[in-house]
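Here come two complexes built around chain A, the first alongside chain B, the second alongside chain C.
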Partner chain A sequence: MTTTASPPTRTVSPPPAQQRRGLGLRSFGRRGALAVVVVAWLGLWTALRGRATLEIGGAELTGFHEWLDRQRDSLAAQRDTNWLLQYGVGGISDGLNATVDFLRELISEPAFPRPFPEIGYLGVIGVFCLIAYAVAGLRSMLLVLVSLLAFGALGYWELSLDLLIVTLVAVTICVLIGLPLAIVMARSRKVDAVVTPALDLLQTLPSFAYLAPLALFFGIGPAAAVVTTALYAFPPVVRVAAHGIRHVAPTTVEASRSLGSTPWQQLRTVQLPMAKRTIVVGVNQTTMAALSMATIAALINGPGLGQPVAQALQSLDVGAAVVASLGIVIMAVMLDRVTTAASVRGELATRRGDSARLRRTALAVGVVSAGYLVYLSRTFSWAADVPESPDLGTPIADATSDASDWFIDTFRDSTQALKDGFSYGLLNPLQSVLADSPWFVSATALLAIAGIIAGRRAVVSTAICELVILGTGLWNEAMNTLTTTLVAAAFTMLIAIVVGVWMGRGRLVDTVVRPLLDTLQTLPPFVYLVPFVALFAASRFTAIVAAVAFAAPVAIKLVADGIRGVSPTTVEAARSAGSSSWQTITKVQLPMARGSVVLAANQGLLYVFSMVVIGGLVGGGGLGYLVVLGFRQAELFGKGLAAGIAITALAVMLDRIARYAVTRTGRT
Partner chain B sequence: MTAAAVAGSLLVACGEGDIEEADVPDTAAGDDGEAVECDEFDIAINPWVGYEASAHVVGHVAETQLGCDVEYKNLAEEVAWQGFGSGEVDVVIENWGHEDLKQTYIEEQGTAQEAGSTGNEGVIGWYVPPWMAEEYPDITDWQNLNEYSDLFQTSESGDKGQLLDGDPGFVTNDEALVENLDLDYEVVYAGSEAALIQAFRRAEENREPLLGYFYDPQWFMSEVPLVKVDLPPYEEGCDADPEAVDCDYPLYDLDKIVATEFAESGSPAYDLVEAFNWTNEDQNVVAAYIAQDGMSPDEAAATWVEDNPDKVEEWLS
Partner chain C sequence: MSDHALSVRELWKIFGARADRVVGTADADLPRSELKERTGCVAAVKDVSFDVDKGEVFVVMGLSGSGKSTLVRCLTRLIEPTAGEIVIDGEDVRSMSTARLRELRRHHVAMVFQHFGLLPHRTVVDNVAYGLEIRGLGKAERHAKAAEYIDLVGLTGNEHSYPDQLSGGMQQRVGLARALAVNPTVMLFDEPFSALDPLIRRDMQNEVIRLHSEVGKTMVFITHDLSEALKLGDRILIMRDGELVQVGSPAEIVAQPADDYVRDFVSEVPRSHVLTLRWVMRDPLPDDSLEGPVMPADRVVRDAAREALDSEHPVRVHDGDMFLGIVDDDAILRVVVAEEGAA
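== the complex of A and B ==
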C-alpha cells in the first residue's frame, strides 16, 4: 500500500543516549577486530564441530517445554472455575461473538428465518457506496463499488463481507485501546519503556504458537479470530500514533502551554489534531496487518476469505487459492485507499472550494437511493441474491493454474540448479558454522561481533536474547533459523536497494512496479507456497525465497521513497559537477536517503521474521517447523511456544544490533 | 450511488419472485416426524481432504435426509477436541489414534466419547514414487535402503539420503527408526501436507528419487499410487518406547469421536454418525472429486450419495 511508505510501523528513532566510548576504535580497527573474531570462530568450528551443539530430537522435550504444557493444562482445567476466565474472558468472548453474529446476519449470512441477510446484495452495495461517498468522496465510492462487484464476481461475496466484518471489529478494538495507550506512551518515557518491548513481542511472536490456547479460552468462533487478529494488528497503530503525537512541533505545544492550556487541552486542541495524518496512517497499517491474519484466523474457523485459501492449499489448487487471495488483495486496496482518502477529504474539499450545497444534495440523493436499494434487497430475492454472472472466479482460477503449471514446467530445471548451488555454496557452510560449533563458541562470537559493530548496548541486548534462547532449550534449531533469516534479510536488502533506486529515479518505473508490490505485499503468502515448492522442492531455500518475496516489497518502497525525497537540486548539482549515474547513486542519493534505507532494513528484517513459521511449512525446518508442530499436536504445544519465544528473541537480537550499529556509524 | 440506483431500478423491471416466495430450506424433510428433532449439527473439519470427504458425506445425508442444520467448522485436531466441552463441536469424524487427546477429553474430562470405526483403515509408512519401485524393485525392502541412499541425497540432507517427513498433523517415529535401523538417512521436515504431496508429484513427473513419509487413505494416492517400503513388521508394543522404535507403524482403525452431550441428546444425527461406515476406496473417490476434479465438498458428497443409495440406506435404517 502506498501509505506503508510513509511513517514507519516501527520507528527507528535513534536510541537515546548514544555513547561515544566505542568510537575510539577507528573503522579500520573495527574491521580488523571483526576479521579476528571470524577467523577464531572458524578455527574453533574446525576443531570442535559437532560437539556441544545442544541439538535435541524431534519429539524430545525439555523441562521448560513440559512446564509450558502444564501451565496450559492447569489454565484449561480452571476454565470453568476461575472467576476471571469464566466472566472476564467469557464475557469478552460472548460480546465479540454477539457483535460479529449480529453484523453477519445484517449483511452476509441468512438471518433465520429469512433465506437472506437482513440487507441483501444490492442493499449492501448501496449502503457501502453511500458511506464511502460520505466519508471519502466520489472516487472512493467508485472504488468501493468496483470492489464489491468484484467480490460477487469472484464468487466470494459472503466470505468477503465476513472478512470485512472480522477486520473492522478487530481494528476498532485496536484503535479503542491503542489510541489512549499511544497518548500515554507519547507523554511518558516510563510507559514507553514498558510498552515497547510488549509491542515487539506481539509483533514477532508467531500467532501459531498461541492459537490453540486462544481458541480454548475464547471458544471456537468469531471471537477467537477477532482476538488473534487484534493481537497481531495492535502494535502499528500504537507505535505510529505515539510517534505522531510525540513529534508535533514542540514550539507549537509550547505556544499553547504559554497561553495557559491544561495538558488535556493541549492534547485535544493541538497534539491530536496535528498528529491526525500520522494517526490515520497508523490505523491504516493496523488494518493491513489485520487483513494479513485472515488465513491464520481461518485455522480456528475464523469467518472470511482465509477459509478458501487454507482449503485450496490442502488440495494444492493454486488457481482457487489465487482467486480467494485476490479478494483479500482487493479488500486491502479498497480499505487502504478509502481510509487514506477519508483522512484528507476535509482539507481537500476546502482547498478545492467544493460547493457544500452540491455535496448536501448528493448526500440526500444517496441516502434515498441507498434506502431504496435496502428496501429492494429486503423484499425481492433477485435484489438480495448475488448475481451468478459474470463469473470471473472460474476463468481466473483456470488461467492462474495454467500459468503456474507452465512456469513450473519451463523453469524447473534451472530453479533446481539454482537451489542446489545456493544451498551447497552458501547456506550449508554458513549453517554449519553457526549451528555445528559448540554453543558457547557461537554465543561468544555473536556477542563479540555485536560489540564490534554496534557497541556495548548491543552486547547487553544480544546477551539477554541468547540467554532466552538457551532457556527455551532450542539453541541448535535457533541457529538454523538464524542462518536462513540472515540470508533472507541480506537478499531482501540487496533487492530493495537495486529495485528501490531504479524506482526512485524513474517515475515510469514506479508507476508500473508499485501496484505489483502492493499486490505481493497483501497477497497471503500461503498462495505462493505451492508453486515455490514445485520449483525449489521442500527446502530451506524455498523458505528463503518466500520470505524475500514477502519482505522485499515493503523495503523496496521505503528505499524508493527515500531516493525520491533527495532534493532534486542536490542531484542536479552532482550531475553538473560531472558525476556518472553510478557516482550520483552511491555518493549522493543513497547516502542522503540513509534514513529510509535504515528503515527499510529494519522493516525488512521484521517481515522476514514474520515468515519463519510460513517457511517451516515448506521445508525451512528450524524453529518455524516446531511452531507449526506445536499448533497441530497437543503434546508438543510447550515446545512450539518455546520455539515461538526463541523466534522473538532472535528477531529482537538482530533488530537491536542493527539499530545500534546504525546510530553508531551515523555519528562517526 | 446513482449508478447503482439506476441498475437497481432496471432490475426491478425484470423482477421475479419476492423473498417470501424464495425457497426457504425445508427443515422438516423427513417423513417419519423424527427428523424434526435434529436442529444444529456441528461437524469439525480437520485439515485434510479425506476428512473433508467423510464429513461432508455425513453432513449431506444429515441435511437432506434428517433435516439437520449442519455447520462445518474448520479446525485443527486439538482445537476441535476442545470444542466438545463447550458444545461448539458435535463430532470429529475421522480420528487417527491421538491417544493423548483421548486421555484428556474422554478419560479425564469426560466431554467426549468414541462412536465406533469409520471402516477406514489408516496406513502410515515410508513410500517411494511408482517409477522407482519399477526401476529398483528391491527398494521396497528396508534392508536395501542403505544401498540406495546416494540416490536420495539432497541439499538438505548433507551426505546422507533424505527421508522427507513433515506433515505436522502426524506423529512420526522416523528419527528413531533411522537411528535404530542403522539407516544412512537424514530426516528432513517438509512442514506441510501440501509440500509433501507437491514433492511426490514432482518426483513422479520428473523421475526424481524421493523417499518420504506418507499415508493412506489420501486422495493423492489415486493420482500417483505411491509404493510402500516394508519396514520390520509391527508387533504389539514395539513402539512403546519412542526412542527405541524399530518397527513399522501400526494400522490405525480410524474412528469417530463425538461430544458426550451430543451422544446423549437423542439427535438422529448421532445415530447417523454411529452407523456411518465406508471403505478407503469410497473415501478416496470423494476426496478425488474434491482435490482433482475441483468439485466443492458438498457437490462431491452429493454425487457419491447419489451413486451409492444402498450404503446410505444402511446408515439410516
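== the complex of A and C ==
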C-alpha cells in the first residue's frame, strides 16, 4: 500500500452550540460504553482464559485447508483438459512468461547461444538514457545513467533489470487496460458506480493477500509475478485518469460540442490533452505501486531484486539485504523522478520556447549514439559485460554487516531490554486478551467496539469478516496479527501527532521534513524491513518498528496538513486570549484538525496492517508468516491460501471500521 | 417565417427525473419552489417564445438563475429541451438527427462562452482554427482562415501565444475569432464579458458593435447587465424565473416596463440615454408653435436635448416625412432632471 489515496475532501464546519452539547454527552456515553465493553472483556478473559481459543499447531491443517490443497491439485490436473484453464489462464500465463523471457534475453539474461543478452551493458545504458531523454528530459537522463551505473556497481545488474522488466510490463498492462476503462468511467456514471467499489477493495488489500490466490491459478514464476503486480498497481492509474478526464473544464468541452465535434473528437482534442498531466501522475503512482509489489512478488518466484532481499532476510544476511534494497531504493527514486518529470516536460518545453529543431537534433544524435552502443555491446564482450570495478556491493555489504553485528552485540542488553519490556509490558498482555479469550468473547467484544466507534454499518461488516476468518480456521493467528497491528498503529499515531503538529506549526520544519517523507513514501515496503532487521535482528518487535516506520510518513503528512488547515484567525484569537503553546495545540489546533487526525489514523492503520503482514518474513509471525510458509512447503499451500483470505477479511474489517469512524466524525 | 433567422415557440426546459411528464399538466404552472417540492423537478425555461430577425442583435437579459444560459444552450441542443419548437434558418432543430445537428453546429451557429472555453494546450491560431479542424479542414487551409479572423479581432502578433499568456480580454477575442472563423449565420454569446473587468468589458462591447456592423451576423446575446443589454440590443428579452417577462426595444423597455419587476430593473437607467423622442413626444395642442426644428423619432433624448432647449419652439418629431408630434422643453427636462433627482 505505498501508493493510496488522496484523502477524501472533507468540509469541517464548526457545529452549532446546541449540537456541540449533544456531542459532548454522546461522546461521554460512547467512552462509557467502551469502558464497559473492555471491563467485561477483561473479566471474561480472566475467567475463561485459554479455552476455545481455536489455536492450531504449525503443521496442523483444518478441513478447509485440505480442501484448498485439493483445489490446487485438481486445478493443476485440469490444466491441460479444462478449456478455460488451458486457453484462458494458460494463454495469459504463457504469453506473459514469453514476454518476460523475451525482454530478459533482450537486456538481462544470456540469450542462448550468445554468452550475453541481445543488448549488453553499454547498449542497455544507451537505450534507457535515450528513452529517459525523450520522455523526461536531460536531468532525468543523467539520473537514469547514474542509477544504471549504480546497479552494475552494486553487483545486481541482471536482477535490477529483471525487476525493471516485471515492473514495466505490469505498468504497461495497467495503462493499456486502465486508460480505456478510465475513459469509460469518466463518461458513464453507471460504469463508475460499478468500478469504483472494486478499485476500493483492490486498494484496501495488503500486497500479501494477492500472492496466494493468484499463485493458485498462475503457479509461481514470472507470469504470476506480473499478474499480481499489475492487479495491485491497477487502481491508481484508473482512478487518477478518470478523475483527470472528468474534471477537464466543462466550458471547454461545451465549447468543443458547440462547434459540432463528435464524442471521439472531444476526447482526442480536448479531454485527453487537457487531462494528460493528471494521467501521467496516475501512471507515476501505478509505477511506484508496481515496483513495490514486484519486489514482494519475489516470494512467488518473480524475477528481480526482491529475490536477494527475500533470501537475505531469511538467512539474516544483513549486508546482502542492504545492498539489494539499496538497489531497490535507487530504482524507486529513478522511476519516481522520471515519471514525475515526464508529466511536466511537454508543456514546460513548449512554454519555455525550447526549439523543436534543437530537440529533434539532440534526439537524432541520441538515436545514433544509442544505436552505436547497442552495436558495440553486440560485437565486443567488453561492451556487453558489466564491468567488475568499481565494486561497491561487496564493501557496502561487509561494512553494513559489520556495523549491524557491532550494534547488535554492543547494545544486545539494551535492545533486548527494550524488546522484552515491549513484549512483556504491552504486546503479550494485549495479545493474551485478544487471542487467549474464547473466540466468541473476542468476536463479540470486537463487534461491540466496532459498533461504538463506527456505528451500525461497521457491526455488519465486522460480523461478516469475523465469520470469514472463523471459516479459514485461523482465528487465533488472525488475533495475533491484529494485536501487532493495533500496537503498531497506536505508535504510528503517537509519532504522527507529535511530528505532524511540529510540522504543521513550523514552516521551516515542514520544508525540511516533507521531502524526506515524500521519498520514504515511494519506497517499497520490503525495503523497510532491512534496516530494522539490521538493528534488532528478527523478531515481532522488528516487524512492529518496520510497520511504524512504513506507516508514519503518510499519517504525519495528514496530521500536518490538518494542523496547517486550522484557520489562522482562530489560532490568533486563542493566542490573543493568552493561551500557551500547549493550550493552543490541545484546545484549538488538534480539536479543529480532528477530521484529519482520524483520517490519518485510518490510513495509518491500513499501512501498518499491510506491513505487519509482510513482517511475517522477519519473525513477525501471524498470518503473513503462514502465507510465506505456504509458498515454501507444498503441503502448507492451502493453509497459506487460507491465511491470505483471513488477511483480506481482516483488512476489509479494519478498513470499514476506520472508514465509518471517519464519516461519523466528519458528520458531527 | 423566412425573414427570421431564429424562431422559438413554447420552449420548455425542466431538469429532473420525470421532466417530460410535467409539461402540459397543471404542475407546469406552479412557481419554481412548489414544482420542486411536488415533483423534484426544476423548471429552468418555461414556455418561452420569440423570433430573431436576420442581422438583429437580440439580447436575453435576466439575473442569475433566470434560465437565460439554459435557454441559449437549448437553441443548439447543448442542453436538450423538454418541449417546444426551435427553427433556425427555416429548419426544425428539435427533429434533427445527431449528424444533422453536428452540421448545424459546425456551419450555422457558433457560440462564445463566459469562461472562454479555450484549449489551454493549443496556441491562439490553433484555438481559432479549432472549429475548422473539427469540420475536417486541412492544416494549411484552416491556418490561413484563422489568420484572417485573428486579424479581424485585432490579435495579430499573438498567433503563437498560449491562452494563459493573454489577458482576459484578449482571451475572449480568441473566443470571438473562433466563433467567427466558422462563418456562422447565427452567433450566440453566453455572458461573454461578465468575467472581464469594466474597462475591458466596454472595449469588448464596442468590439461586438464594430464586428456586427462589419460582418452583419445575427446575434443572440445573453447578459445579466442591463446597461450592456441596452447598449448592444436591437431588442431585449427579459427573463425571470425561467419565464419571459417582456420583449421590446431598449426604449420600449425603459419607457413602458411590463411590470414592477422590470420597472425596478430599469429604475436606475439614465433614461435620457435610452429614451427616444418617440417616447416623450405628445400631440400638439392648438396653441403650440410648429416652427421648431425637425428631428427623427428614433433620436435619443440626450442627443436631442441641447438643440431642443436652445430652440424657442418645441421640436417637431418626424418619422420620415410623417409628422408624429412635438417635444417641448418640459418633456426634455422631465427626462433629464428626473434622472439627476434619482442620482
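We take it that the second predicted complex is superposed on the first by the 432 of 668 C-alpha atoms of A that agree within 3 Å, B and C clash if a C-alpha of one lies under 4 Å from a C-alpha of the other, contacts with A are read in each partner's own complex, and residues count from 1 in each chain.
Throughout what follows, a residue touches a chain if its C-beta (ideal position, glycine included) is under 8 Å from a C-beta of that chain, and two chains touch if they have at least 3 such contacts.
Predicted, not measured: the structure shown is a model, and the values here were computed from it.
By the touch criterion stated above, A:391 is placed in contact with neither chain B nor chain C.
When chain B and chain C are set side by side, the one touching more residues of chain A is B.
Residue contacts after overlaying the shared chain place A:113 against chain B, while chain C stays out of touching range.
Touch criterion met: A:254 reaches chain C, while chain B stays clear of it.
When the two structures are aligned on the shared chain, A:424 is found in touch with chain B, with no touch to chain C.
Look at A:534: by the touch rule set out above, it reaches chain B but stays clear of chain C.
Once the two complexes are overlaid on the shared chain, A:629 sits against chain B while remaining clear of chain C.
In the three-chain superposition model, chain A touches chain B and chain C at no common residue. Chain contact summary for the complex, chain C toward chain A: residues 73, 76, 78, 101-107, 109-111, 113-121, 130-131, 133-135, 162, 175, 178, 182, 188. Residues of chain A touching chain B in their complex: 57-59, 76, 113-116, 122, 125-126, 129-130, 133, 141, 145, 211-212, 215-216, 219-221, 298-301, 307, 310-311, 313-317, 320, 362, 365-366, 369-370, 372-373, 376, 378-384, 412, 419-420, 423-424, 427-428, 529-530, 533-534, 537-541, 615-621, 624-625, 628-629, 631-635, 637. Chain B meets chain A in the complex at residues 1-5, 7-8, 11-12, 15-19, 21-25, 47-49, 52, 73-83, 86, 88-89, 100-101, 104, 154-156, 158, 164, 166, 168-169, 171-172, 175-176, 187-199, 201-202, 206, 219, 242-243, 290-292, 294. Residues of chain A that touch chain C in their complex: 249, 251-252, 254-262, 265, 269-270, 273-274, 276, 347, 350-351.
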